[in-house]
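Here chain A shows up in two complexes: once beside chain B, once beside chain C.
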Partner chain A sequence: MSVPATATPTYPPGQHPDLPPPPGTAGVIGWLRANLFSSVFNTALTLVSVWLIYEFVTAAIDWFVLDAVWEAGSRVDCRKQGDGACWAVIAIRLDQFVYGFYPADQRWRPVLTFVLLFPALAPVLFDRTPYRSQLLWFSLAYPALGAWLIYGGLGLPVVDTDAYGGFLLTMILGVTGIVASLPLGILLALGRQSRLLAIRVLCVTFIEVVRGVPLITLLFIASTMLNYFLPPGTSFDLLIRVLIMVTLFAAAYLAEAVRGGLQALSRGQYEAADSLGLSYWKKTWLITLPQALKIAIPGMVNVFIGLYKDSTLVVIIGLLDPLGVARAVLADAKWNGLSNETYLFIALFFFLSCFAMSRYSLWLEGRLSVDDR
Partner chain B sequence: MATIEDTERIRSAADTSRVMVEVRAMHKWFGTFHVLKNIDLRVTAGERIVICGPSGSGKSTLIRCINRLEVHQQGTIEVDGIELTRDVKNIEQIRSEVGMVFQHFNLFPHLTVLENCTLGPMWVRKLPKGEAEEIAQRYLERVQIPEQADKYPGQLSGGQQQRVAIARSLCMQPKIMLFDEPTSALDPEMIKEVLDTMLELAETGMTMLVVTHEMGFARRAADRVIFMDEGEIIEKNAPEPFFNNPQNDRTKLFLSQILSH
Partner chain C sequence: MKSSIRAFSVGLAAMVLLAASLASAGTLDDVRKRGHLICGINTGLVGFAAPDDKGVWKGFDVDVCRAVAAAVFGDANKLKYKHLTGKTRFTALRSAEIDMLSRNTTWTFSRDVDLQLTFVGVNYYDGQGFMAPKKLGVKSAKDLAGASVCIQTGTTTELNLADFFRANNMKYEPVPIETNTEARTNYLAGRCDVYTTDRSGLAATRAATDNPDAHVVLPEIISKEPLGPLVRHGDDQWADIVRWSLNAMIAAEEMGVTSKNVKAMASKENKNKEINRLLGVEELQGRERLGLSKDWAVNLIAQVGNYGEVFETHLGTKTPIGLARGLNAQWTDGGLLYAPPFR
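Presenting the complex of A and B:
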């Protein structure tokens, strides 16, 4: 859409003023014209798309909300009340979805642990948190505090790990896995670039072996084979074994993401740090790692989201994660056949958690990119 | 910029007969490629040496060997009486006494100008933050950009970045400064500000080894000019005779090529 050249008057050299763009080429109207209605065909496509979106959205609202049934005693009961979603199945089994078989009178403990997660995470995630330096001490103490609250002992009744289930189990696996795999992954990435052959070989072997094996295999090893390797008589909690495997698995992938960041740095950064006389660890901590981690954020968050979602695989070795609860619920004769509702609910939970992580990483990238504009 | 006391301090500390760099029969290979051949070089305190030569002649590699960014395979290098060996502590010690300015500045982009300058003093010299910042401010004033202290390197022009890089090295209060083509990556209008900074530094009596194609700088500041070609030192002389009466044919050819426009 060009405007005839005669429309602009001429000016003597050096006197040309800044003119506004021709009408209809900038702003909302300009965007609409350029992107949606630029030709007859495009206009037709736009109209058809709008109609399709309208049909889909209204149908979805009907099924999800307007025709949905929120309270009922069974699936048959649901169908009598309406032909939308039967959310009653979720409402009745909500406690199991959230806590698994965690005893009802002790549920304040996971709730408190969850609530305390926020003040523990805030100073780590946001550098402008008020009282950050004091709160960081709390963050440091949080893993032990959380473990004590959920497991018990020292005055609290012990709740065995096989009672954990549902979203509680997902959170335990996800948060522990992420927190523990980050330092391990960084060390592996550094080790892979080490000048010491033994360390390098060790790290490369570990990364390649763990990355080359499906997580399920590792989980089976955790649930069955690990007992053969350990000295007889030692019994190792299954949840701990699974946590270790999930952490190692994520660490191997993280190491590669971090290595990508380290290799993206110019050699000049290493040389400048060297020429100041900084030792290896100071150079790494002050110069290379901060820059490498920033570059690696998208890749690292990718790994974290993957770890979080892969935690559902523990259902295969008999842990009662949300999918395990879903299986149990769907096996109930009163409710079977409601897999849409059950799985959509679980999907929503995972989507919200993962979306939050993804938004945070975008925000962090923006926050850090202020540095080198 | 260089105050009289500064000049006095450095001059008196640097007894001009003291040998700061001593390279003896040094060879270096990149794989099988022989980059440096039988290099002998002695630099005394306060001396300003300009090293020039065609690209690929090994001049950058030579000064990078002096703070062991490159490792030599034969011969010896002594810096202020300490021989460069594989000993890591030894290398770190020498590097903290030898400042290096790179062609591409290599400032730390995630740190402010001030933090770039205080990093070495705080983490290598173990100075308290306040003292390190005082030193940093002083050298930023010397290179005439104190007002940029809180900006990030990416917000500065190339010339400003290079001056910050010089200040960052000076903050370590080094005994020797190495410059590896410090103006080669700059736009023409910014070369002068960096050369001016280097000239003023030369006036303070700093021991300097400068790899550069800026022959004007060599004429004005150098005590000796060294010409290298294909890994060898072909000719070394004071600037006057070097430029006016070069001895070797290769030197003559090189000078005619860079001075003939």
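Presenting the complex of A and C:
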């Protein structure tokens, strides 16, 4: 202000400018004073907290970065170089964490499958993808293509499913489970609301039975009980059995999420569709299902994230998912004892992929809710 | 209720076995036709089965699988592994998903009889022991009255522990733990005074601490844990092949046949006639009945090694685990290893 401090300025009525707040009540200092140092007790709490955070963060940085060892031949070697994290075990065993025991000379196949996942997913996930309608055909063919690339046959050497492990196995379980359970779950949700008694009873029974049983029980059924029911020698691949169980499990949960969406629609939508004379499938496909799925997105993504993380349960039936690989790696006498490093690494992987899924769902919700406003 | 479940599962198993015996001529034929052996191993146990940095599975139990593959095919690598947990191992064997199981499995009466499995021998005599920090000053397990003990739940070790403390009129506080890794972490964090499991496991855990000298494995062995390979009931020829493959490893050590000298010994007459019979220099009566080639044991010893070599590679004093032979020495050295004669 250019007005001298001694003069009292006068203003016409209604023209008085806003005065700045008293010093020390606004800005950074004001915020600090109001929120952190408002009383003696709060000041003490603040100081103690700052000290704790400082101690924790510096110790963490020391362990994670400054004292960490990145190159070593064994745990003992690591400890000689520094007493922080021994990331060498991750560096040396990275291939096993990523591919399990997939043959080294064939690893381009899962890599290619993973790379192709993006053009296959893009038209499904993002409606503004260029050439969307053509790419959707590719998305449709992708499951078969991916299965062929990873398993082999028809010109490619066959890689037994026993060799799959690590993040590759998690991706196979997660992607297959999500992709296969989505249509199945939608059908179950529709079937549960069907007017045909037989279909309704069948769907309700399936959903309630599968939802009433823990996933680990289903996995045990897949890995042990099925062997008893099938004649010996005809037992089909453990991974396929597990994939089927995981898909059924996710489908039952998904069906309930979708049903929630269907029931949240106002009756008017159904009645309007009926009054237009649409057939059941046209009504479902054009009117009710798109709206119901939109409502169900948070619930569905919840199921998917749960399924993705639950895939680690396969370690109990002897499949070498990242946790299984970690156990195997730690069983090497050279690396035995480095459980913190391996489990933190796996946690980071799961956090990143689950966080990506949840961010996508938020984006999709925002995008689809435009017409509601 | 429990007995009806047992009757049900035994009935199922019997049906499966019946069907298996109808469906296949014999395990050996199946294995030959398939072109490789399928062996059930651990998902990871220090010294017994673990992948190396290149992803190749190695270990004391793995080498029993390799020995059988070498005996059957003359090639120890004609072998595929199925990784089995403690819960899935017996079903996998009984349902013919695997040809043999070599997964540090304790030979017990009920497993042998009730589960209808055939233990073909013992490749490691283990026993449950205790590990305690040196600063605790404990010299014997008898001093452990009132101690808190880290114990893996649902295992025979839990029952053995209870028996031992009851027999010695001592109280203890169990700290239940799910896995070995968890037990190690809890023990090192001081959440329990002592950790109990098989002594081979204790040695491995002790070796993986930052200062192994700060921990002692107490002298008491409170249980017998004879670990060995097993097959399912109903195919004696196959059981014999696995049994004598293991015996060949043990006998080879006793007679001084190693992977280095086996080729030389097999190409000449040896003074010890048993060596001649083992290595096919002289005919070993009945060998054809097992369907094995004349040089089966030569291949086995050359590619896998004798028992002592395998022990030193995976468990011995030169490895980080650093186990002494102890009970697993040859009977001539005061141990329990005693292969029946090759005659």
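The rule is simple: the second predicted complex is superposed on the first by the 313 of 373 C-alpha atoms of A that agree within 3 Å, B and C clash if a C-alpha of one lies under 4 Å from a C-alpha of the other, contacts with A are read in each partner's own complex, and residues count from 1 in each chain.
Here, a residue touches a chain if its C-beta (ideal position, glycine included) is under 8 Å from a C-beta of that chain, and two chains touch if they have at least 3 such contacts.
Bear in mind that the values here come from a model prediction, so they are computed numbers and not experimental data.
Of the two partner chains, neither chain B nor chain C is touched by A:Leu344. Shared-chain residue A:Leu121: touches no atom of chain B or chain C. By the touch criterion stated above, A:Ala333 is placed in contact with chain C alone, chain B being left untouched.
Once the two complexes are overlaid on the shared chain, A:Arg93 sits against chain C while remaining clear of chain B.
In the superposed pair of complexes, A:Leu364 makes contact with neither chain B nor chain C. When both complexes are overlaid on chain A, the residue A:Ser223 reaches chain C alone and has no touch with chain B. Chain A residues in contact with chain B (one complex) as well as with chain C (other complex) do not exist. By the touch criterion stated above, chain B contacts chain A in their complex at residues 67, 69, 88, 92-100, 102, 104, 106-110, 119-120, 123-124, 152-155, 168-169, 172. Across the complex, chain B is touched by residues 266, 268-269, 271-279, 282, 286-287, 290-291, 294, 368, 370-373 of chain A. Against chain A, the residues of chain C that register as touching in their complex are 12-13, 15-16, 19-20, 23-24, 42-47, 49-53, 55, 80-85, 87-88, 91-92, 95-97, 179, 181, 184-185, 204-205, 207-210, 319-321.
Listing the residues of chain A that touch chain C in their complex gives 74-76, 79, 92-93, 95-96, 101, 104, 160, 162, 220, 223-224, 227-228, 231-233, 235, 315-320, 324, 327-334, 336-337, 339.
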